[in-house]
Amino acid sequence: MNHTRIELITPIITEGLRTLDEVRPFERPDLTITHRLIRQGPASIESEFDEALAVPDTIRAALEAERRGADAIIIDCMGDPGLQACREVLSIPVVGPGQTAMHFAGMLGHRFSFITVLERLRPMVGRLIAGYGLASSFASFRAVDIPVLDIGADTGRLTAALSRESIAAVQQDGADVIVLGCTGFMGCATAMRASLLEAGCDVPVIDPIPLALHVADALVRTGLAHSKRTWPAPGRKRIAGFRIPGFDSD
Amino acid sequence: MNHTRIELITPIITEGLRTLDEVRPFERPDLTITHRLIRQGPASIESEFDEALAVPDTIRAALEAERRGADAIIIDCMGDPGLQACREVLSIPVVGPGQTAMHFAGMLGHRFSFITVLERLRPMVGRLIAGYGLASSFASFRAVDIPVLDIGADTGRLTAALSRESIAAVQQDGADVIVLGCTGFMGCATAMRASLLEAGCDVPVIDPIPLALHVADALVRTGLAHSKRTWPAPGRKRIAGFRIPGFDSD
Amino acid sequence: MNHTRIELITPIITEGLRTLDEVRPFERPDLTITHRLIRQGPASIESEFDEALAVPDTIRAALEAERRGADAIIIDCMGDPGLQACREVLSIPVVGPGQTAMHFAGMLGHRFSFITVLERLRPMVGRLIAGYGLASSFASFRAVDIPVLDIGADTGRLTAALSRESIAAVQQDGADVIVLGCTGFMGCATAMRASLLEAGCDVPVIDPIPLALHVADALVRTGLAHSKRTWPAPGRKRIAGFRIPGFDSD
Amino acid sequence: MNHTRIELITPIITEGLRTLDEVRPFERPDLTITHRLIRQGPASIESEFDEALAVPDTIRAALEAERRGADAIIIDCMGDPGLQACREVLSIPVVGPGQTAMHFAGMLGHRFSFITVLERLRPMVGRLIAGYGLASSFASFRAVDIPVLDIGADTGRLTAALSRESIAAVQQDGADVIVLGCTGFMGCATAMRASLLEAGCDVPVIDPIPLALHVADALVRTGLAHSKRTWPAPGRKRIAGFRIPGFDSD
Amino acid sequence: MNHTRIELITPIITEGLRTLDEVRPFERPDLTITHRLIRQGPASIESEFDEALAVPDTIRAALEAERRGADAIIIDCMGDPGLQACREVLSIPVVGPGQTAMHFAGMLGHRFSFITVLERLRPMVGRLIAGYGLASSFASFRAVDIPVLDIGADTGRLTAALSRESIAAVQQDGADVIVLGCTGFMGCATAMRASLLEAGCDVPVIDPIPLALHVADALVRTGLAHSKRTWPAPGRKRIAGFRIPGFDSD
Amino acid sequence: MNHTRIELITPIITEGLRTLDEVRPFERPDLTITHRLIRQGPASIESEFDEALAVPDTIRAALEAERRGADAIIIDCMGDPGLQACREVLSIPVVGPGQTAMHFAGMLGHRFSFITVLERLRPMVGRLIAGYGLASSFASFRAVDIPVLDIGADTGRLTAALSRESIAAVQQDGADVIVLGCTGFMGCATAMRASLLEAGCDVPVIDPIPLALHVADALVRTGLAHSKRTWPAPGRKRIAGFRIPGFDSD
């Protein structure tokens, strides 16, 4: 049986928000997970601006992961920053937890709700869903109004807020699947599902990173990857101000 | 590490088209696959009529698989016959290879082409795609004009026809992912991908059953299943002419 | 002037819910209506599971009606169970009251609301509407929370609930046409329309069976039927466990 | 049994293109058809400009028909000119053969093709279909390049051209229903269907006026009409230059 | 630098609702604005009926404007009455403020709300948006319940009502751009935007006529006009009851 | 009369592809145009990878332009790189020529074709159009197979190729508006339109930069800008590796 190595790239510079310990439970005898932050970019991602600054070094990190022997890459953010560009430069599967979670939501129920950190992400998430061709499976967007860097501050308050918005999504917006809209919410799904069941709402809660890890493994084991016709390798050309392995020129 | 047991239900009465040997390579130390045919229904599925006759006993088989301890069910047909009804009667994940392959196609590229046995399936496949909310990812439908029961007769001719239609799908219809539109095509993907690459078309070819097996395993291991709010358990009522475990009445 | 014979097939086994007396007022000197129940299937249809068990004998009944000389068939259920399969096996028009009522709703106003028995049908109805290509004419789904078999118990309470939901559909959901979402509601439209007018809501209420009868007659008289290219006759093959006239084999 | 009176309004000034004799075969003992031209407007309708000049007098004619006791109105043009405005001023059903034929096409098959007189109508027809919410049922637009006023000149050539375009629509565009895109084509459907069958294309050909007559009758007999919430009566106000019964002011 | 002459045609017969003084501030040394009412038609436009009576003389006025040397035409009504027909008869740009404002709304934000005079316009506006292909950018329709001819009666009340509905559109309907849905609201945008900002809603308010003037000028200066393939010149034919320059015949 | 200052930012590092001389003809007495390249990024933009590297310094350049007194910004690339992020950091209008040209194409005709440099951009352009909500106005994508840096090498060959693809777009794809899909094609529109007319295709050819300049000016003069509710200012946080005015931290 072949061994799979998946690298999780957290596209921010803040240490400690994501640790290898959190994802280790998903390792198997034939599946190793590695983890890296980026070195150039923002402290957290909550805007198009933050995303724009995170992408160049995410590409660099993805290329280095492939060189170190990774079989697949996961970009650890629900906005899937750099997904398109990384797929151009790599041949191994590049998995976006946002895209993965929303497609699975489409498979597991009729309409999903996307529950995330801040109201200000509403149009960004709307663009993401339109771009993925999933508008007809989308019930609603909801936010708990807690910035990414405060997620860890009070887990009880966070989980309560997520549960409250999820129940409202089911009862008021007609959702029948919940997508956790921030990878920083990892681990909250179990408590949320208990609250939902208590409120009479028997709906799945998708925790994107565990799902993305299994999907990345499934792609590797079935020999699938993104289409190189959709994301062909970029042509070589002069680049100023970035050191990207294999694309350096200045 | 937990052990997963997945039952593959082939919703036809013809023996020998699908064997356990074909799927055994996808077993792992912690994953067992079992396989059953149905006993009441058609010899193969190539119409809405065939599907209608296959579904009642597929439900019965799915219920029995759950009783025997299966952790997930896969319905071995690209039309996903009985997917909705089985999800109502079961709580364990019920995976349709059609739905799964088409959602993965949506993730792995811009537009997919569905290559199947007979031209007559075009409207059925169109309804399936509309129902799954994937119309905006759909490039085209193509058929090789070989009935299901003849698939095994001449593998060389089959693979050649599938490759020819796939290349045409990429070059003429703008497809950048190929979905094998019949689970009886299992195993043809490798040769097709070679032909596609030779023709300069670097696109993934999705073989639905291997993918569905990994997805079923992923759902079990992440504790996910279809939404019971979307597919609530049927109410008990009088039924004539069918013996369905747990729903018998006459 | 030619004479038309339309057979209404009620795809359940419960006697007395639908009687020939109810539809006799729609007969004309040149239009005869006949009526049959199925013999194998569920007591009522309120789930995908119920539908799955109703379809095989609906196909058998439809084939027998054609053999007895029917000019058109109506399947007496708003989910249109077996519509696709029956259209494959028959050349005479097969009319689904769900499809008919919703297309007429699209013609008679801007957005329609579908008012039916149980909340649990919401995703099934959503799939039906998507499959019929009518999503852009759909305002909302509402349910009165009365199971099919209890419809006759208290007509006053039923009509009041239907009226209440219809008024809410107009005032809150922006509906301007009401579709009765269960053929068991036949006859309630007049009282509902009176209540709607009293509430200032001048919108049509579509009672699907009377409409379907006239549409079936119109198709016969204009020489139209469903496209056999969309629903070609099924190929003959071995079938186990069903006796379908013209398709028997075991 | 009630008697229905339907008035067919041909919204052009040219005599002889439409005669009462053509529609008389659709009368029944309980159905009378009357017919009127308009007096102010164009010789034929082949543009938005022509439509604009036809509508005011079509409204006048519709109001007069209602005053004379008509139970329903049909506007005899596939562009449904004045449909919206006439529905505002009338309470009796106003039927557009374009809307009716295209909704029936959506019911009778998967995708329809619209075959009409001139290529220049392509965008107008596209807007009509989008406005009716039927874009997902639309396969293609085709034209025979024969102006309306020349339709009667050479029926053989017309029917041959219509048949040729219809066969191409099925074989090249994936159509499985044909909609005659000009009410002046009335009567061509039978020969076209024979040609289609000969070419192996078993698809219905919808002749809009006979269908519209039956649909108008069905609406009258089921007590249905367009929603007055969608098309409320216009407020009274000063009008210059038109004499519209009930709305005159200058 | 070339000089542009734009003619604003107000498609109603009521004098004083629109004056040249209102648009003169948008003139520039190289941009002259002229203004005309129509002579045949309704006092105001609040229905499909009103629109139908306004269009013929709008076409006449547009043709005369072109003959007098106008470089572009603007039809001064948010329903864009006659836009299609005028584009057929003219080669110079014909600008609809409804189409222009809604496309700019699509550029300036995620979802727009259309705030207009009367609730009864909801379906008309829905058809307009569907016809323009902008349904996915549309958040909601709202009305202030003040008829067109009363707009000038109490500007304070009007602006308060518009502001109230705009704030509700942002807070309840998820709008992030406001489109003034009646050209008679010209000048209200500034006060509305102030109210919106006070309520914490930093969204643009599009005043359609000033925008349409600049867009018409931009089209002229870049040498662009509507596609004559979409709107080809109407064929010459007999016309009764209208005197249209260049199309007269009776 | 107020004076407008528009800054055109070419988001690549290659000098000479765009010069101020090219856009100077669009200046007016009350409109000044300035121009800047970026200093960090790729030589040209032909992939998601190139875009990713271009965006950070485009943001920096946009912020500096605002500080220097620009009234509006245009990002000189049809992929609109950085449009979303720049709109977050700026309050003055940020105009994307891709978005502008495609919305105007939607106004000026029924269906547009996008003609650009390389076939590999097809999925990127598809995502852009979906994100802008313009899928229903899109006829086709075509490419001339000439890389951006070779555009200037042989203008005759370029214009011939663009004309050939445009004529094919009209005749084969049903396009009735042409969008130049690369801002490097500036100036080719006149010759293309002549070729199109010669081939009997009277359709507009949109040259995006001249149009974007007039649209930017129109927004400034009407006091409009993008919605700050859609693109709120990014929160301040730690950033590593970029010097962005007003957002520096490390």
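All chains are identified by letter, namely A, B, C, D, E and F, in their written order; residue positions are counted from 1 within each chain.
Keep in mind that, in the parts below, a contact is a pair of C-beta atoms (placed from the backbone, for glycine too) under 8 Å apart; a residue touches a chain by one contact, two chains touch by 3 or more.
This is a predicted model, so every value here is computed, not measured.
Asker: Which contact partners do chain B and chain E have in common?
Answerer: The shared contacts of chain B and chain E, listed by label, come to A, C, D, F.
Asker: Mind listing the chains that sit against chain B and also against chain C?
Answerer: Touches both chain B and chain C: A, D.
Asker: Could you find the chain whose CA centre sits the greatest distance from that of chain C?
Answerer: Of all chains, F has its centre farthest from that of chain C.
Asker: Count the touching C-beta pairs: is D-E or B-F ahead?
Answerer: Of D-E and B-F, it is D-E that has more C-beta pairs in contact.
Asker: Between A-E, B-C or E-F, which shows the same interface as B-D, counting it as a repeat when over half of the contact pairs match?
Answerer: Having compared contact pairs by residue number, the answer is A-E.
Asker: Suppose a student superposes the Cα atoms of chain A on chain E; what rotation angle should they report, nearest 5 degrees?
Answerer: 120
Asker: Taking each chain's centre as the mean of its CA atoms, how far is chain C from chain E in angstrom?
Answerer: 44
Asker: Taking the mean of the CA coordinates per chain, how far is chain C from chain D in Å?
Answerer: Each chain's C-alpha centroid was found; their separation is 27 Å.
Asker: In angstrom, rounded to a whole number, how far apart do the mean CA points of chain C and chain F lie?
Answerer: Going by mean C-alpha positions, chain C sits 53 Å from chain F.
Asker: Enumerate the residues of chain B that touch no fewer than two other chains.
Answerer: Residues 109-110, 123, 127, 130, 133, 136, 176, 230 of chain B touch two or more partner chains.
Asker: Determine which chains touch and list them pairwise.
Answerer: Contacting pairs: A-B, A-C, A-E, A-F, B-C, B-D, B-F, C-D, C-E, D-E, D-F, E-F.
Asker: Touching chain C in the complex: which residues of chain E?
Answerer: 122-123, 126-127, 130, 135
Asker: Which stretch or stretches of chain C touch chain D in the complex?
Answerer: It comes out as residues 1, 28-30, 99-100, 103-104, 106-110, 132-134, 136-137, 170, 176-177, 201-204, 206-207, 210-211, 214-215, 217-218, 221-222, 224-230.
Asker: How about chain A: which of its residues touch chain F in the complex?
Answerer: Touch list, chain A to chain F: 13-14, 39-44, 46-53, 55-57, 59, 82, 84-85, 87-89, 120, 123-124, 127, 130-131, 133, 147, 149, 230-232, 234-235, 237-242, 244, 247.
Asker: Using the touch definition from the top, list the residues of chain E that touch chain A in their complex.
Answerer: Within the complex, chain E touches chain A at residues 109-111, 136, 174, 176.
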